[in-house]
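Here's the structure we're looking at; comments come further down.
Here the chain labels run A, B and C in written order, and each chain numbers its own residues starting at 1.
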Amino acid sequence: MAEPLFSVRGLKVALPDMTRKPLIGRAPLAEILKGLDFDLPRGSVTGIVGESGSGKSTLGRALVRLIEPSAGSIGFEGRDISHLSEAELRPLRRDLQMIFQDPMSSLNPRHTIFNIIAAPLRQNGLGDRLKERVAEALQRVGLPQSFASRYRHELSGGQRQRVGIARALALSPKFVLADEIVSGLDVSTQAQILTLLEKLAAEMGLTVAFISHDLSVIRRLCQQVIVMREGVIVESSATDALFDNPKQAYTRDLLAAIPLPEIDADWLRPKAPA
Amino acid sequence: MDEARIARRSLSPRLWLAGGWLVLALLAAVFAPLVAPQDPLAQDLMLERLPPFWLDGAEPGYWLGTDSLGRDLLSRLIFGGRIAFIVAFAAATSACLLGSTLGLIAGYLGGWADRMISRIVDVWMAFPPVLFAILLVAVLGTGLSSVIIAIAVIDWTRFCRVIRAEAMSQARMDYVESARIAGYGRIGIMLREVLPNVLPSVVALLSLEMGIAVIVEAILSFVNLSIATDDPTWGGIIAEGRLSIHQAWWVLVFPLVTLILTVLSFSQFGEGLKARFDPVLR
Amino acid sequence: MSACLDIHHLSAVLPNGQRVLRSVSLTVQPGEVRALVGESGAGKTMIGKAVLGVLPKSVRIVEGEMLIEGEDLGRLDAKARRTLIGARTALIPQDPLTALNPSRRIGPQMTDRLVRILGWSGERADSRIGQLLDEVQIRDPERVLRCYPHELSGGMRQRVLIAAAFAAEPRLIVADEPTTALDVTVQKQILRLIAQLQRDHGTAILFVTHDLGVVAKISQKVSVLYAGKVVEEAGTADLFAAPQHPYTRALMAATPRYTDPYASLKPVDEAVLAGLAAEIAASDRDWRPAHG
């Protein structure tokens, strides 16, 4: 089997816990990730699922090195990037891209869509043929070329998220982190965005980490799933195996808690004591 | 769209009235030698305490009357506007550059830079500003540049505090992280992502600060600590007018009205500009 | 017997004349849960606010009537209307954090309504709240009542608000996306609680949600909204067995289902959206506001 794109070993992240910050002095550190081991195979889409407080977003931010781990290693193409400085990371940024949860907050209101998509290109030595490249990026996500001169407030929620995708994919990265990218969208828009990402990931051979609180969107998109809870991996396996035969009670609870759009009179009955 | 309508609505009266007065006053000040009907320094005891044009005993050519030395009040106000506007622009711009830069750094970088800058601001703001100004001018000596330096040195904290808070809220936005993902460094992010978003506040504050600078300059010349020459200043005229309030009220009232209108216009103009730019993009 | 809530041809406009509610009619019978489902901008929250008399100032009702247990809200003066709404209805809000005052303890916030609006004695209110906290399965009510809102988890806060909503025995509860901000496992507990209390107290609920999954589990009747218009209205079982309107069908196909990944997550067809736009335009063309 080919070498995985990401190979994570013993990953720990500790962040200042502002809720316990004393009046004077620094906030104590709280361990958000408590030693994670996993691989992300090349060209695969991996779902990372968990409820609030599971550490899934922190894990994503550590993968693209927006935050620095406190221990462990993040192997990216065989190189440990866990403690690289901002300057050392810069040449790698081209391959480590991210799509954000809130398309409103992730687009600067003062920049045109053209400038937003062009920013990573300019910064990574692809500043020539900018017009062409931005046009290509817009076309890829199914937005008309006229959108280049618009601002974020002139776009709908789904269109903004398309811009977010266009920006992340403009550099043809090796890895894309998708952090809850549909949780703020309506169901009809959500379906469009997910099928778009599904199509582009396959076409471009992207490796994607798809973070979500919602297991039901993960089955369609992902080849394997990592279930997290309170900073540890509860279960990690191929998607079909996880859905058809969940091994851990927590995974089963998560699945059972999803209200499927079908009539089921027993769903709300109190659980019979085991 | 609704947003377009908001933008158009906020262009109206406030911005026009305030901007109109400022443009008028500024043009008059710039072209003072051409516009002023009389020499502002020319004394003529035959013409002392002439009333404004609509009262009995007014002389043509002395529209707002004269002071106790027979100097034309309108001309003195127009020439006084020169000092007022020079101080307003120079002092406010210096305070703005200093304060906004430090505020941007403190707010966006956080950490020790923020702690240090915030501490300085706290200490600075513990001084009563007018006393501080008088003290500074006393040390620096009177003169136009001293007044400008004093105002800038005192009032940069006003910019620093507001811009720091705004930069902090900007720093939490996803587009800041997105710029890091795109490969931008700290300075790049500060200039490209944060600065454009705090600019409306900077502009509004700058305009407000110009008004404040006009007041501070007036206060300093009122207590005779501004410029030492005979050039008329609004504060100086007010100080003289105060002495002859019972014989010639206009010498006090017209400079006061001019001062109030100008200060009010600066603050309203700034708020109007901010409102004009904000709702469209937020 | 009259319906618990009866809305006839309710239309509302924004200051620029744009209609946000388009002749909405719906009823909620005593003791039944009616879901209002739709995407953002569908006007579902607006209807809930209209019922509770808390529409934003910019929204003006231009026609239609609302009856709570047969009493026409439009015929009452402002004070009588507030009293009626206060006595017969309650709200379970979307965001339990902003619905609670952060600087006051939970206890007084919960009894306030009972004491101030319904004129109960302090003791009666306290014992009633104690009883309800027990019903929402809060194990140490004394501690919870002394807490400030930020000291409780999201699920606990929502339990507190559910208890507060049921405390005054309202005839009708408006539940405005009460589980949207919660984790799925907590959502299930909260839905279970709402269903349980609803059955025990015989309360009617107008349940606003964007999630067809939640609709299927909690409601007996459902109205599907699009752009302030009810496009389909049916019994919940019937709706899921045989959705009639193309938009309802499209919504169902778009809703993710992990049990059937390839039949779900279907983007809404352009033709459906065009059909909806035409339908809305047609209803606006025929519409003349009956100015009062």
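We take it that a contact is a pair of C-beta atoms (placed from the backbone, for glycine too) under 8 Å apart; a residue touches a chain by one contact, two chains touch by 3 or more.
Computed from a predicted model, the values in this text were never measured in an experiment.
Novice: Quick one: which chains contact chain A and chain C both?
Specialist: none
Novice: Once every inter-chain C-beta contact is counted, which two chains account for the most?
Specialist: Among the chain pairs, A-C has the highest number of C-beta contacts.
Novice: Can you tell me which chain lies farthest from chain B, using the average of the Cα atoms as each chain's centre?
Specialist: Here the answer is chain C, farthest from chain B.
Novice: So, what's the distance in Å between the C-alpha centres of chain C and chain A?
Specialist: About 32 Å separates the centre of chain A from that of chain C.
Novice: Would you mind pulling out the distance in Å between where the CA atoms of chain A average out and where those of chain B do?
Specialist: 49
Novice: Averaging over Cα atoms per chain, report the distance between chain B and chain C in Å.
Specialist: The answer is 52 Å.
Novice: For chain A, which residues are in contact with chain B within the complex?
Specialist: On the chain A side, the touching residues are 64, 66, 86-87, 90, 93-94, 96-98, 100-102, 105-111, 119-120, 123-124, 151, 153, 167-168.
Novice: Would you mind writing out the residues of chain A in touch with chain C in their complex?
Specialist: The touching residues are 51-52, 157, 186-192, 194-195, 213-220, 243, 253-264, 267-268, 270.
Novice: Given the complex with chain A, which residues does chain C contribute to the contact?
Specialist: Interface residues on the chain C side: 39-40, 154, 183-188, 191-192, 195-196, 210-218, 236-237, 240-241, 250-252, 254-259, 261-262, 264-268.
Novice: Hey, which residues of chain B end up touching chain A in the complex?
Specialist: For chain B paired with chain A, touching residues are 3, 173-175, 177-186, 188, 192-193, 196-197, 199, 280-282.
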